[in-house]
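Below are structures written as structure tokens.
Two complexes come next, and they have one chain in common, chain A, joined by chain B in the first and chain C in the second.
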Partner chain A sequence: MNKLTKPSFWLPLILVAALGIWPILSGNAARREMVYSLLMAIILASSLNILLGYTGYVSFGHVVFFGIGGYIGMYTMDVLGWHLALAVLAGGLSAGIMAFLLGTAILRLRGAYFALATIGINEAARAFANAFQPFGGPVGMTLNFHVYDSYGGAGNALWLTFYATLVLALVVIAASSWIKDSKFGLGLMSIRENEGAAEVMGVNAPAAKTWAFVASAVFPGILGALFFFKNANIEPGDAFHLARSVEMIVMVMLGGLGTVLGPVVGGAGYNGLRGFLIVNPLFKNVQLAVAGTLLLLIVLFVPAGVVGWLRQHVQPLRSWLE
Partner chain B sequence: MIRTLLPSVVDGVLLGFLYGLAAMGLSLIWGVMDVINLAHGAIIALGMFGVFFLFTGLGLNPYLAIILVALVGLVFGAIMYFISIHRIVNAPPLSTLLATFGVSMIILGISTAGFSTSPYNVDFSLGSVTAGPVTVLWTRIMAALAAMTVTALLYVFLYRTRPGKYIRAVSDNREAAALMGIPATQVLALAFAIGVMLAAISGGLLATLFPFSILSGESYQLRSFVVVVLGGLGNPLGALLGGLILGALEGVIPVFMPNSWLPVIEFVLFVIILLIRPSGLFGGSKT
Partner chain C sequence: MMLQIQGIRKTFGGLIALNDVNLEIDYGEIVGLIGPNGAGKTTLFNIINGVYSPDEGKILFQGQDVTAKAPYRMSKLGLARTFQIVRPLSELSVLRNVMAGSCFGREDRPISEAADIAMETLAFVGLADRADALAGTLNVAQKKRLELARSLAARPHLLLLDEVLAGLNPTEITNMVETIREIRHKGVTILMIEHVMRALMNVSDRVTVLDYGEVIARGTPDEVSNDPRVIEAYLGDPKVAESLGSKA
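For the complex of A and B:
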């Protein structure tokens, strides 16, 4: 069946587009900020899903690529005076190159060994940013406010990053659908099920894994450059926050590992829930504990996530959810 | 040079015993059931607070307090095993990584609400001893001695007692051990409980040395990962040697370069060892 006629291809795209158009139509800045954080979660979760869900490699270091994109973007804008568009490209490109180099080395490790290596890489990157003076060391870098003048002032710059982030979210989802249906994606999923058998059947596992790693790294790299441009300030702790990596895994698990719609649902759902917990007077102080309980319950009882569970239990929804 | 290097290395090596002790718990759990306990740091922090409250609130000697903390840790570990690990002990690694991380979030969430994230300090001192250029605090020596004692007890337990031999048997081959009539579930729970207890003890000892907050556990958990990989995943006694190496490195490196580069070197080393010798520096061929 042609991909473009499948409802499961359009459903996540339409959902996200509708979400993005909502603040654009109303021009409401508060609503834009809320949707922005949802889009960010969706991009991070969907890109992680390419590695985690399709290929079955657990990375606790996905935020590394967000941080690298952010640092390269900020450095090129702040120190070299590049335009945002170029800086964003540089951020995505450097995250991709980094993933290629790291992937070639660490994707040989399997299971928990790989997971541990990614934790090590994240901590090494954070410590490096902390110690490396051209990146500002522990205080990081702050954009001069005049930078925003060339984009029509700070207000316009915020809208500009919103549009760019919306486009990025749509591209990630389309790419993740495309990969899932492609021969490349089938190779990744066979690696997930049984890497040895996949290699025997002719899948070039080392190359496929490395490209999956690169594909999943480019998007957070671009997003990092956009986010820290909007934020105007980058610090090692914000850029390489281990807990943020884990949050991404939670979003993917919540929505459904290895599905296209899952990370969209999971990213939006997790963010919505966290927003609710933080402002709720009853849960405000223990929001971390509530989120932890939720995570534990999902892992123990609904390991397929929301979308996976629906696919398993509600037959008619199968062609809509993938 | 030697005058600055020597005290720094002695301090580092003494601290290394505690790193080794903390890592031993992580390594034991990994060795027996292939689970990486991401709540390790949170439990270390709970051990710190346990000693703080027993010392400050009840006036108990910190070293006696650690014994109580160890017992509570043992019980807590068994409960944690049955709630969060037992159902998924055979699932792919992602499940147990996330389940233990969930427990960590629960502990940190509740503790942050109770203790806030501000620093605490166990105000306890035993004076210091000087030998040549080296001056060492007695609390550090006591902590290292305590860590050695616990290691020795663990060794005797694992190699000389029946439950300890059960643990090693289950670690070697769970199915075969179960067929020989070893109660595998109880043994897994016991091994997990001991791993948690070791984390709590190391937290309690660390509390006598440094100020701490509920978030301090994380940095010790990361060090434990480094140590475990140095000593070989699943090799508890190798962990002690790994701890000493890390402690010595932390003593030597700051003498030669700014302190901020220390973690860069530690974690790069960590990744490299994981890549070239995943069985650890002292591990055999078993990977």
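For the complex of A and C:
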């Protein structure tokens, strides 16, 4: 069947587009910020899903690509004076190159060893940013407020970032959907199911894994550049925040590993939950403990996540959820 | 020659798994590989398709030296295999399993063509009605057929079958043997490991016998089953010795 006629292709795109248009129509800045954080979660979760869900490799330090994109974006804008569009591309590209190099080096590790290596990489990146003076060391970098003038002032720049992030979210979902139905994706899923068998069948596993890693790194890199442009400030702790990596995994697992819609549902759902927990006096300091407990419960009782569970138990929804 | 195995030696630590193994397979043949458990049969398969590299010796595939070439490259050259312990891609549909065979095998098909080839192959092995089921839900006989379909969808020149008859009931064995004959009629050369002697002797043109990593006999099924060395090697297993005798 042609991809463009499949409801499962359009459903996540329409959901996210509707979510994004909501604050645009009302012009409400508070609503925009809320939706922005949802879009961020969706982008991060959908990107990680390419590696975690399709390929079956757990990356505990995936936020490293968000941080790298952020640092390169900020450096090119702040120090080199590049335009946001170029800085964003540079952020995505450098995250992709980094993933390619790392992938070539560590994707020969299988299973848990790979997962451990990814934690090390995030911590190494943070230590590097802390010590690297051109990136501002422990203080990081702060954008001069005048930078926003070229984008019609700070208020407009915030809207501009929002539009760009919305487009990025739609692109990530389309890419995720495309990969899932492609030959490349079939190779990734073969690796996930049985890497040895996949290789014997003719899948060039080292190359496929590396490209999956690159695909899952580029979007967080672009997002990092956008986010820190909006934030106007970057520090090692914010850029390479290990807890965010864990949250990304929770989002993917919650929504449904290896589905296109899952990370959208999981990203939005977890983000909503986190918002509730942070403002709730009872839970505000244990938000991560809740995330950990949630992960445990999902793995134990609903390993397929929300979307996977619905696919398994509600037949009529099959063609809608993928 | 489709395949030439020349002086292969492989050791694991102190254990000699294969020692100076030579075997030639001509185009269009069905060659049986037998031997007691631990004789090195599967190790030889793993060396042919590049999972292991041999300590000594060479593998020539259609005249080309392919010793220790990565498994995925061997697949592109036209080698396919099934596994003794089936390895279905459990969470993917039966159809997608076979599509993967077609997409990444010798013909390297685009995914748009793979579905048709996969359906055709599934019909050939008799699994067409399970195309949409998850591979993990099949029973053993069906999983064996799935393995076969996956390797056939690659349209290989040479097919390595590792105990496709094991675990099947007599009717299923008869059907599978028929399928193997049909595969050969399609022009695929076959090297098969088998413990089900009667069926193997029935379907093979030639048989090679391994024991403790060495070739102890080779020839037509009749010659091999009357060879005293072969009978001796199987003495520990009277049932097999008996079935060898009854064939002769």
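Keep in mind that, in the parts below, the second predicted complex is superposed on the first by the 311 of 322 C-alpha atoms of A that agree within 3 Å, B and C clash if a C-alpha of one lies under 4 Å from a C-alpha of the other, contacts with A are read in each partner's own complex, and residues count from 1 in each chain.
In the analysis below, contacts are C-beta pairs under 8 Å (C-beta built on N, C-alpha and C of every residue); 3 or more make two chains touch, one makes a residue touch a chain.
All values reported here derive from a predicted model rather than from experimental measurement.
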* To do: Quick one: classify A:205 as touching chain B (first), chain C (second), both or neither.
  => second
* **chain B versus chain C, judged by how many residues of chain A each one touches** => B
* Touching A:152 in the superposition: chain B (first), chain C (second), both, neither? -> neither
* Between chain B (first) and chain C (second), which, if any, makes contact with A:197: first, second, both or neither? -> second
* Could you look at A:112 and tell me whether it touches chain B, chain C, both or neither (first, second, both, neither)? => first
* Asked: Which partner does A:81 reach: the first (chain B), the second (chain C), both, or neither?
  -> neither
* Would you sort A:183 into first (chain B), second (chain C), both or neither based on which partner it touches? => second
* Asked: What part of chain A is in contact with chain C in the complex they form?
  -> 181-183, 186-187, 189-190, 192-194, 196-205, 258
* **chain C residues within the chain A interface of the complex** => 49, 51, 70-72, 75-76, 80-81, 83, 87-92, 96, 99-101, 103-106, 108, 110-111, 114, 150-151, 154
* Structure fact -> Residue set of chain A touching chain B in the complex reads 52, 56, 58, 60, 105-106, 108-109, 111-113, 115-117, 119-121, 123-124, 126-128, 130-131, 137-138, 246, 249-250, 253, 285-296, 299-300, 303
* Asked: Inside the complex, what are the residues of chain B that reach chain A?
  -> 30, 34, 36, 84, 87-88, 91-95, 97-99, 101-110, 112-113, 222, 225-226, 229, 233, 258, 260-264, 266-268, 270-271, 274-275, 278
